[in-house]
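Take a look at these structures.
The following pair of complexes shares a single chain, chain A, combined with chain B in the former and chain C in the latter.
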Partner chain A sequence: MDSFNAITAAIFLPFIFAGLVPVMEKLLKQRVGWFAVATALTCFILIGIAAPDVIGEGHIVQGTISWMPSAGVDFTIYADGLAMMIGFIASGIGVLIMSYSNGYMSKTEDLKRYYQYLLLFMGSMIGMVFSGNTIQLFIFWELTSITSFMLIGYWRHKPESIYGATKSLLITASGGLAMLAGFLLLGNITGSFDLAAILNDPQVINAIKEHELFLITLILIFIGAAAKSAQGPFYIWLPNAMEAPTPVSAFLHSATMVKAGIYLVARIHPIFSGTEAWFILVSGTGIITMLVAGFLAFRQTDIKGILAYSTISQLAYMMTMYGYTTHHEPGIGVAAATFHLLNHATFKACLFLVAGIVAHEAATRDIRKLGGLRREMPITFIIACIAGLAMAGIPPLNGFLSKEMFYESSLEMGASLGGIFTFLIPAFAVLGGVFTFAYSIKLIDGIFLGERDKDAIPHHIHEPPMTMLIPPAFLAFLVILFGVIPSIPIHHIIEPAVSGILLETAHLHIKLWHGFTASLMMTIVTFILGILIYTKYDRIAAWQDNFNMKNPWISINYYYDRAVDSAKGNAFRFSSRSQTGSIKLYMSAMLLLMIALIAIPAAILATNIVPSQLNFDIPPYEAILLVLLIVAALSAAILPKYLPAIIALSALGYGVSLLFIYLKAPDLALTQVLVETLSTIIFLLAITKIPQKYKEKISFSVFTRDILIAITVAASVFVLLLNTTQGIVDPFASLSHYFIDNSLLLAGGHNIVNVIIVDFRGYDTLGEIAVMCLAALGVYNLIHSRSEE
Partner chain B sequence: MNNFLLTLTISILFGIGTFLILRRDMIKVIIGLSVLSHAVNLLIVSAGVFENGKVPIITGSGHGGEITGTIYNDNLAEGIFAPLVSAGSHVEFVDPLVQALVLTAIVISLATTAFILILAYRIYEEYGTTDIRELRRLWG
Partner chain C sequence: MTTIITKTITKICIPLVILFSISLLLAGHNNPGGGFIGGVMFASVIAFAYVVFGLRYIKTFFNPDWAKWFGFGLTLASLTAFSAMMFGHNFFRSAVEFVHLPLFGEIELVSAGLFDIGVYFVVIGSLLFIFKNVGDDNE
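This part shows the complex of A and B:
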């Protein structure tokens, strides 16, 4: 299997297998999760098939399957080192998460739905990173938002889940729409939606940078990335997304989906970097989010809450590093950011899984109640220490290395900006590191160290089953491996990814020990300040709570809630006013609109009618028919008893079919006769059980009003029709000539009307038959839905 | 062909239909819908008809407006099935597209009429009335 087919299969396999989950659930019962694990593993292997090509040889695997060629959009694969890295993370962590879920999810849960959503998400994520054009990328991007929505709202009965799911969908999906607008602008500038066509052509990239729409395009695309990765004001959805089952939080909301925004920033890096706008927008947003989210983590009492804020802050690190750029060196922090992306996926997913174990065994996630669990669950404690200390940046773990690189690139960026920024940017970086250090220690300390609170958790706590222990243990192993022997991930994952981002072959040299450098000094300062801050941790948290209580307007959630509440209220008021349930009101509204749209133009047109051109030359037999029609219609309207009225109505119908003959429409005449017969029979059947007459007492005012509406409608139609026949209303260039010219030539039919129905517009007729079937089904069900008396 | 009286008739049908769909009795409303659909169909078909236009059926083996065989005159006043138009002459057909549209519309209006009739019948069975206002009162 070649690389292109392997990757295509890896994208679609999860979607297909998600459809098979219900079948497998019948076979495997509660072990259906292992089927999902096997699917994820297959995807991992399929992506691995492309690895020798992309990572070994340094090729970019590209390929196209024709999809919408007329719109310039095809199904395109663009697999470089960056895409491979995130593809491996998505499928690899997917394997671990789905194995873990077998232990975590209770057997009574709706497992089939859970694993279906997970597989759908994994497929969307893999599809997103390998997308070779922006439209396809957008589609998979929004699919990840939707699957995330379904997973956050997995426990449908909990109002918090519904709130969190709605919030995440509103924010990430509307961010995605901004991104789509940006992509359309980009397509407008370059004339192509194809990523490879843009990335591989330096002239195109220069043209984008000099284009007047450059800034607005960048801002729109960045809004999408920031909303997805919970950056800037959009961060508020991620803490509420913690209502999802914990394996989902580990998978989507720390390791993969929230990285989509980071991935997008890396993907468009060659197009937009090297400009002031890029640095200010990306790094600016990153630095502010890093500091604010790191600081706000202090007041969280839920361990998943701390992890959520820490994820926001860690994503902001990557954002900041990708934003570091100068005119000469566009990608100062790219290597550091990419390495941190990989490291964060390992240690943060691991921490979430530990949080899941703790919540599963202790039945609480409140850090005030937890504590002293180290004796009861020593293995979990060790795993948590490895991951937590990696996040804090302690050597020799992988978090230490990428944080060192973060400091290094901050120093370099500061130096190239000069002035006050020489110190300011590294200082911000250190401050972010200090917050991270403090809450990382708090996590370990709060859960495992200290005294056991026997009142809050009276029962004995033990280690979880192996299915829940092995995945985090494996991640902890990776954390140590990447830290001690960094050359393994650097050469095989990071270098190809960085080459993919920078579009040139990158060589990196990273060792665990690299001498007493400035960045090592910064690390030491971080540890000292971090320990100092940690001693004041509870006091800072209390101050934050107090401040927030007094100033609710400071929180972005305050504005989000108000906006959503007022939108809901307005929608409700609007619909209750416009949808009153009175058919007569709807009818009058429609007719009044129609009169407004037709009567006024008709009144203007009426002045154009030339009386001398009117055709009063009426053959007598036709005149008799027309008078009969009017009499029949009037009788149907006036006769109070149903039976005579229906007979009058069918007389009208047969009259119309006669008239069709005069109008040169023999097919219509035949159809009308058949249809009229049928509809008369149905009418008669329907009224057999209904009282045979109904007399509405019409008051004079109602009668006048309805007659006035009826006369206005009739007059408008009259004027319009007179104009049509006089040719005063311009006829549109008619399609009919095509059918007249081609019905014998192309379709071999002599009856043009029949040819149109069954050949040229065959699908319309198919739709017509579908309507008939639906109506028949509806009638059948209505008759059989009688309540039992 | 499209004369003053035909136009007037179509307009009157529109007026009667409109008056009927504003009634309170469901059966009358349904009758009104039927009258309206007749009016609409006639309106569309009559828009495609013109003086001396022929039935859109090609006789002979020609294509386009050119006739290679013979075509039957369809003027009722002069008699049906009399081969009057000679080969090679140009024939103007009335608009076949509007006829195709209306053919579909006729069938669909049968489907909808049947459906709402049964709906009205079932509503009467459940609530004992065909008066729309009375129904709203019963639903509260």
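This part shows the complex of A and C:
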């Protein structure tokens, strides 16, 4: 199998297999999770097939399948080192998460739905990173948002899950729409949606940088990235997303989906970097988010809440590093950011899995109640220490290395800016590191060290089953491996990825020990300050709580809630005014609109309203029928009881069908008779349940108004029909001739009406029958939702 | 409406009308008829039987899930539309084939006929689904 086919298969396999999950659930029962594991593993191997090409040879695997050529959009694969890295993370962590879920999810849960969503998400994520054109990228991007929405709201009975799911969808999906606008602008500037066409052509990139729409395009795309990666003001969705099952949080909201924004920033790095706007926007947002989120982590009491804020802050590290750029050296922090991306995926997913184990065994995630679990869960304790210390940046773990690189690149960026920034940027970096150090230690200390609180968690706690222990243990192993022998990930993952971002072959040299450098000094300062801050940890948290209580307006959530609440209120007010439920009101609104659209323009435009050469040559039987029709119509309008009125109405309908027969339209006549019969049956059924007489008393003014509307509408339709049928307006004759001439020739049918329905206008019919099905389901829902109240 | 006369007539009419609706469906391509008309005819005779004999009584021995009927119809119609794409043609391209069978003589097979059968099932299913649910509603 060649690389292109392998990657295409890896994208679509999860989608197809997600459809097979219900079948497999019948076969495997509660072990259906292992089917999902096998799918993820297959995807990992399929991506691995492309690895020798991309990582070994340094090629970029590209390929195209024609999709919408008229719109200039094809299904395109663009697999460089960066895409491979995130593809490996998505499928690899997917394997671990789905294995873990087999132990975590209770057997009574709706496992089918859970694994389907997980697989759909994984497919969307893989599809997103390998997308070679921006429209395709956008589609997969929004698919990850939608699957994330489904997974956050997995426990549908909990209002918090619904709130969190809605929030994440509103923020990430609307960010995605901004990104789409940015992509369309980019397409407008370059004339192509193809990423490779832009990335491979330096002239195009220069043209973008000099274009007047450069800044707005960058801002729009960056809004998408920031919303997805919970940066800047958009961070508020991630803490609420913690309502998802913990394996989902580990997978989507720490290791993969939230990295999509970072991935996008890396992907557009060659196009936009090297400019001041890039540095200010990306690094600026990153630094502010890093400090604010790191600081806010202190007041969290839920261990998943701490992890959520730490994820926001760690993502901000990467954002900041990708933002470090100068005109001469566009990618100062790219290698560091990419390495940190990989490391963060390992240690943070591991910490989430540990949090899941603790919550599963202790039945609480409140860090104030937890403590002293080290004796009962020694293995979990060791794993948590490895991952937590890696996050804090302790050598020889991988977090230490990428944090050193962060400090180095901060120093370099500060030096190239000069002035006050020489010190300011490294100082910000150290401050971010100090916060990280403090909450990392808090996690380990709060859960495992200290005294056991017998009252909060009375029962005996034990280690989880092996299915839940092996995945985090494997991640912890990677944390140590990447830290002690960094050359393995550097040469095989990071260098190809960095080459993909910088569009030139990169060589990196990273060692665990590299002498007493400035960055090592910064690390030591970080540890000292971190320990100092940790001693004041609870006091800071209490101060934050107090401050937030007094000033609720400081929180962005406050504005989000107000906006959503007022939107709901306004929508309700609007619909209660416009949709009163009175059919009479709807009817007159429709008729008045008809008058405005037909009668008034016709009266203004037409020279002679009634055509001069009218044909009064009517056969007598038609004349009699027409008189009968008028009588029936009048009776239906004025008869005082329902039953006679309905009979008059159906008499009118049957009369019309008779008219169709005179006019040689058997199909129409047949249809009219049948529909009339059916509707009469329904009417007769309905009137047995309501009073037999009209109750409503109609005042004289209302009556006059209604008569006026009715006569105006009738008159305008009458005039319109006169004009169209009496040869004044004759644009449609040729259309029916086409069908008469071609129905036998092209579609093999003599009945033109039927051929039009099923062949010439078959697309319309398909739409109509789909609407019929939806209408049937809608009626069902209306009836049943009403009876529930 | 539940007199002995209507009951007797309805009993005789049901098989005749159903047969006629099928003939309308199959004849539709060349003569008056088609899936929609046939479907409405089928639906109205069943609806009439519901009214005459009472929904509750009919449900004791004849209670199909009408939702499955329109589900099947929509699937069939969509598959017919998509199947042309598998042979490299455009969406909705129809095919005509004349087959000679003993006893029946020359028979025209049209892919649009399958589409029409889909329409037939959707019309029957959705109309009777609505009808039954409205009729079942006790409030």
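Criterion: the second predicted complex is superposed on the first by the 616 of 789 C-alpha atoms of A that agree within 3 Å, B and C clash if a C-alpha of one lies under 4 Å from a C-alpha of the other, contacts with A are read in each partner's own complex, and residues count from 1 in each chain.
Keep in mind that, in the parts below, contacts are C-beta pairs under 8 Å (C-beta built on N, C-alpha and C of every residue); 3 or more make two chains touch, one makes a residue touch a chain.
Here the structure is a predicted model, which is why all the values come from computation and not from measurement.
In the superposition on chain A, A:Ile711 contacts chain B only, with no contact to chain C. By the touch criterion defined above, A:Ser487 lies against neither chain B nor chain C after alignment on the C-alpha atoms of chain A. Contact with chain C, but none with chain B, is seen for A:Ala747 once the two complexes are overlaid on the shared chain. Once chain A of one complex is fitted onto chain A of the other, the partner contacts of A:Tyr763 are limited to chain C, with no touch recorded for chain B. By the touch criterion stated above, A:Leu629 is placed in contact with chain B alone, chain C being left untouched. In the superposition on chain A, contact of A:Thr671 is made with both chain B and chain C. Of the two partner chains, chain C is the only one touched by A:Leu684; chain B is not. Contacts of A:Ile583 after superposition: chain B is touched, whereas chain C is not reached. Comparing which residues of chain A touch chain B with which touch chain C, the overlap comprises 666-667, 671, 675, 678, 682, 750-751, 753, 757, 765, 772, 775-776, 779, 783, 786-787. Taken together, the chain A residues at the contact with chain B in this complex read 581-584, 587-588, 591, 614-619, 622-623, 626, 629-630, 633-634, 636-637, 642, 645-646, 649, 652-653, 656, 659-668, 671-672, 675, 678-679, 682-683, 686-687, 689-690, 694, 696, 706-707, 709-711, 713-715, 717-718, 721-722, 724-725, 734-736, 739-745, 750-753, 756-757, 761, 764-765, 768, 771-772, 774-776, 778-779, 782-783, 785-787. Taken in their complex, chain A has these residues touching chain C: 666-667, 670-671, 674-675, 677-678, 681-682, 684-685, 747-751, 753-755, 757-759, 762-763, 765-766, 769-770, 772-773, 775-777, 779-780, 783, 786-787. Against chain A, the residues of chain C that register as touching in their complex are 1, 24, 28-37, 40-41, 43-44, 47-48, 51, 66-67, 70-71, 73-74, 77-78, 81, 91-92, 94, 96, 108, 110, 112-113, 115-116, 118-119, 122-123, 125-127, 129-131, 133-135, 137-139.
Within the complex formed with chain A, the residues of chain B that make contact are 1-25, 27-28, 31-32, 34-35, 38-39, 41-43, 45-49, 53-59, 61-65, 74, 76-77, 93-100, 102-104, 106-115, 117-122, 124-126, 130-133, 136, 139.
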